[in-house]
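Two complexes are shown next, each including chain A; its partner changes from chain B in the first to chain C in the second.
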Partner chain A sequence: MDQILTNNLIDIFAVCMLLASVLAMASVRMQPLIRLFILQSLFLAAFEFTVAYSQNEPHIYIMAAMTFGIKVLLIPRMLKYIMSRIKADDEMSLSLGIPGSILLSAALIIFSYYVSEPLIITLDTAERNSLVLSFSIMLIGMLMMATRRKAISEVVGLLMVENGLFLGAIALSNGMPFIVELGAFFDVLMAMIIIGIFAFRINKSFDSVDTTLLRRLKEE
Partner chain B sequence: MIVTIMILVPLLAGLLCLLPFGTKGLFRISIMGAFASLAAAIYCCISPITGNVLDTSIWYIDSLSAFFLLITAFVSFATLLYSKDYLKTEWDEGRLNAREMRWFYFTMFVFISTMLITFAVRSAALTWIGIGSTTLVSAFLVGLYKDKSATEASWKYIMLCSVGITLALFGIAMLYAASSGFIPDDRALDWPALVANAANLNPIFMKFAAILFIIGLGMKAGLAPLHNWLPDAHSQAPSPVSGIMSGALLNCAMYGIMRFYSVSEIVNPDFARHILLLFGITSLLVAAAFILVSKDFKRMLAYSSVENMGLIAIGLGIGTPLALFGAMFQVMAHSICKPLVFFCAGNITQIYKTRIMSEIKGVSQKMRFSGFATAAGGLAVAGAPPFPLFIGELLIIGGAIGAGMYYLAGALAILLAFVFAGLVLHIFPMLSGTTDKDVSEPASRLRAASMVLLMIFALFFGLFMPEMVRDVFDSMVLILSGGSI
Partner chain C sequence: MNYAELAIMLIQASALVMISPLIAGIIGKFKALMQNRVGASIFQPYRDLRKLIKKESVVSENASFLFRAIPLVCITSMLLLAAMTPFIYTGVLAPYADVIAMVYIFTMFRFAMVLGGLEGGSAFGGMGSSREAMMSVLIEPALLLSIMTLSAITGAGFNITDISSSIIGAGAFAISPALLLAGTSFVITMVAENTRVPFDNPDTHLELTMIHEGMLMEYSGRGLAMMEMASMLRLTIFMALLGTLFFPWGTAVTMAPLDLAVSVVVIIAKMLVIAFGIALLESTIAKMRVFRMPNMLTVSFALSLMAMISLYVL
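What follows is the complex of A and B.
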């Protein structure tokens, strides 16, 4: 493959990741949400693979493989297992409607272009567009955590923030030292296991995983 | 080697706690583990704290790390002593079963070990991994009681701190990008290498790194307005856990911020300082307001932690040697005094079976020791002399005046007066009066011993400043201002 093709592929995969985020903000059901997360992780793995190929960096190949193994295969399975074991209905409850969510997402994308301007002009790598996209994906992920009320959708929001982080880290400097990446994956995996345990507990003590029920602790 | 032993001792004690020894054996292991961990930490830190930097391929302990390590080891020791009879009472009254107690000690020891790792490593990335694992492990301690409110608190805790940790990792990626090309790859994130090469770091990347890193770790350190998880987690956790979270866990994130701060201030003077000032003032405002209106004893103490973290951030934000000295002193003072009041709160709430302050009356009359300790501890956290928090606050205000920030000094004095009034007005009515509840002092020497130990340390550092301790603080101030690593 020549340089132009790989550069285009890198841009396309990164844009598709953002698209998956925006679509996730527009979905009202849990199953499509998880499918969109799988899709986004798949694009991330493809992005990493292309970068690894074009830069000839062996440790990014390993990252691509780990993204595929953990985020495309393992974590969605865990999420589905949790959903089948707890009494979660497929419907998500939104505290912000679909049009509002999409508009806010658009605003966040513009905002991330605005803030990353000084950063972009110092970079001359092929992945510099991806950096802006990674900011957008992280911000939209946080918006999802703030406006979706089911425990599982909060978790998917967090995972999307992490996808954005990995995209950004690779765009910046072809990833981080290998030990950091290993640590990060380990952290994600452990967090998922522990979050799973607590999702079961929420379900057991509240008979639901609607996190609006988690509003008892506050100042009266 | 000795560092590895220091980390492994609590880990080993934790694994021993999982073995089926019966509760008596479990408690015995926990006490022995407490002594062994403290001894290992002191043995390891005694040379670094006097200025001989311990420097190996993964470990790096200078006086700043050694200071935090010693504080953590000391707070953990006091917490483990206090936990024994606290848990025994919970067990006798049927709120915990033997399995949960085993799990408590296992996670507690692993938690201590992860905190020690955070301070002892030489790479920013490993510090990050350490901070990340403290969250994951301590979530179980927060959610030890499996009721609704504990579940809610631990869920919030783990979700918010995970976001914070992710942002901090992005900050580390920025840091790596800023250093690439100047520092060889395998050393690129080492704290000493970063300070030594700070002049070459890319300033724009460092600005982004500062924003991401301080917001991310600030969330974990409980700086307002990112503190939402903190009052819930501290109030719902068992009291010994609240004590160690306030006295040791919040320091982990603060330590990360401090290390980063010392690099960032060389590259972009004043940038990290201003962010920290902003967070610090907000924290103080929020904490003062919520302390004044609080009804729940432990929530109020949690807001006092937000206040103290805010003060430390302000000390860093002022950035003069005097203010940095004050910030470090505040770290130590807070770590000694806050566990003490949380233990008092543990005694009171366990016996009265409520955390609502208006329902607690006559503590001094029925529980003389706890009443005395609460009076001392209450004055100490409120910042009254002769306790060390008073000196820390004075130093930070003095630093603000010395730097010409008169408005800041005035605002600090007013807000601290509000905090003082709030804490004293809420704590002392609980001590006075009479109660018709059938309550009495928990008969436990170990509980009392751990509190007396903390009180002695509080008084000592409030009254004396030996030459040796002063040298340690001076060398930490030097490290924070980016000098001589």
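What follows is the complex of A and C.
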């Protein structure tokens, strides 16, 4: 494949991940949100595959396969299972309106371009774009965790931060050492299980997964 | 500009006008097939237009001369745009085919429709007009930014011919994040501007959901035919712009007969793909609530803003 074309493909997959993040900020229901997370993970896998091809690094191929297996297939199923078990309603409550959150995410993107400007001078052109995009995806994921009230949408925010982190790691140094990556994937799975148990407990004590209820002390 | 070139430009502008009812018919047919119906013939819009032209036009007593003038303004502005849109050849008939002029001719069309909706003096017309005005405010910045991003990608200036030929010239180098973001933003504004399904339902006259049909409520006969024709032409122009400005590969840059032949085949394929996409969208997505529309249009604006930023910062 042509060098320009692979570089463009890398850029395009990274931008598509950001696109999925912005659309996730615009969605008001759980099902589309999970679908967008699947889409973002799919683009991450495609990104890793293209990087592996252009850099000729076999261990990134394995990472792409693991991303596909864990983030595209396994985690969405677990999320859907949790949702069906606690019978959460599809509507999610927001503490910030949709136009507001989208404009705020656009501001975060500009901010991450601004912040990483001194960093990207020292990098080559092929992957500095991805670094900036990874900053934006992480910041938007944090914004989602901060402005969504339901536990499940906060989990999706956390997973999106994680996707951004992987994007940045691969863009900067062709991935972490393989054993660290394995650990990171294992961590995500463990976090999912713990968060699932938490969600069950929150739902059991409050009859809702709205995390603002956790601020109230139980015995007044 | 020699005579052969002029002839091709004339042919492409008139082809754009001639096929626009056919495009509407094809979208309808695709939708019908997806919903397991037989559906009307793809030539049905032509028959509808012919029937409407034969019928008498009834004008409300309260309406002024504007009511009769507005269909003419609408159809003229769209014919003007048809002369500015590249279709099979990147050259266009209008010598000053400028993207900013283009966006504001679209706005002029909307302004005329809003006035026409108010002229009839009916409640539906007023409702449709106020909604259209709200949409217009949200669509305009997104549309302007996404088209201006295109001219910024190659530094080709604001001339439509220059933009599409320089993107073709750049080849694989132009398949950049900015083009993709601007293209996505343009697709959202295309659906919103043409009042298709997630934003408005073009098939119903249900008072709660109407935008476009509400404004046409008072029109009949020849006036309605002109308004319908103008709307179909607007959709076709948007589709042609998507096919020749955002993804222009295959469009003829030179006058060579082989290039032109390839270009005709490619543009037919592109139009069919876009029509299929619109039909798929309309069959799978439910209509949005009116108050949800600003959300989607803000997304479109944010996307074209991101496209612009990614160009200048990187």
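Here is the rule we go by: the second predicted complex is superposed on the first by the 215 of 220 C-alpha atoms of A that agree within 3 Å, B and C clash if a C-alpha of one lies under 4 Å from a C-alpha of the other, contacts with A are read in each partner's own complex, and residues count from 1 in each chain.
Definition applied: a residue touches a chain if its C-beta (ideal position, glycine included) is under 8 Å from a C-beta of that chain, and two chains touch if they have at least 3 such contacts.
Keep in mind the model is a prediction, meaning the values are calculated, not measured.
Engineer: Which partner reaches more residues of chain A, chain B or chain C?
Structural biologist: Counting contacted residues of chain A, the larger count belongs to B.
Engineer: With the two structures laid over each other on chain A, which partner does A:105 touch: chain B (first), chain C (second), both, or neither?
Structural biologist: Second partner only, chain C.
Engineer: If we overlay the two complexes on their shared chain A, which of chain B and chain C does A:113 touch? Say first, second, both or neither.
Structural biologist: second
Engineer: Which partner chains sit in contact with A:142 here, chain B, chain C, both or neither? Use first/second/both/neither.
Structural biologist: In the superposed model, A:142 contacts chain B only, not chain C.
Engineer: Answer with first, second, both or neither: which of chain B and chain C does A:73 touch in the superposed model?
Structural biologist: neither
Engineer: Is A:16 touching anything from chain B or chain C once the two structures are fitted on A? First, second, both or neither.
Structural biologist: second
Engineer: With both complexes superposed on chain A, which partner does A:169 reach: first (chain B), second (chain C), both or neither?
Structural biologist: Touch partner of A:169: chain B, not chain C.
Engineer: On chain A, what residues does chain B touch that chain C touches as well?
Structural biologist: Shared contact residues on chain A (touching chain B in one complex, chain C in the other): none at all.
Engineer: Given the complex with chain B, which residues does chain A contribute to the contact?
Structural biologist: 118-119, 122, 138, 142, 145, 151, 154, 158, 161-162, 165, 168-169, 172-173, 176-177, 179-180, 183-184, 186-187, 190-191, 194-195, 198, 201-202, 204-206, 211, 214, 216-217, 219-220
Engineer: Could you please specify the touching residues of chain B with respect to chain A in the complex?
Structural biologist: Residue positions touching the partner: 123, 125-126, 128-129, 132-133, 136, 139-140, 143, 146-149, 151-156, 158-159, 162-163, 165-167, 169-170, 172-174, 176-177, 180, 185-186, 188-189, 202, 204-205, 208, 231-232, 235-236, 290, 293-295, 299.
Engineer: Spell out the part of chain A that touches chain C in their complex, as residue ranges.
Structural biologist: Touch list, chain A to chain C: 2, 4-5, 8, 11-12, 14-16, 18-19, 22-23, 26, 28, 98-99, 102-103, 105-106, 109-110, 113, 117, 128-129, 132.
Engineer: What residues on chain C touch chain A, complex-wise?
Structural biologist: 172-173, 175-177, 180-181, 184, 292, 294-296, 298-299, 302-303, 305-306, 309-310, 313-314
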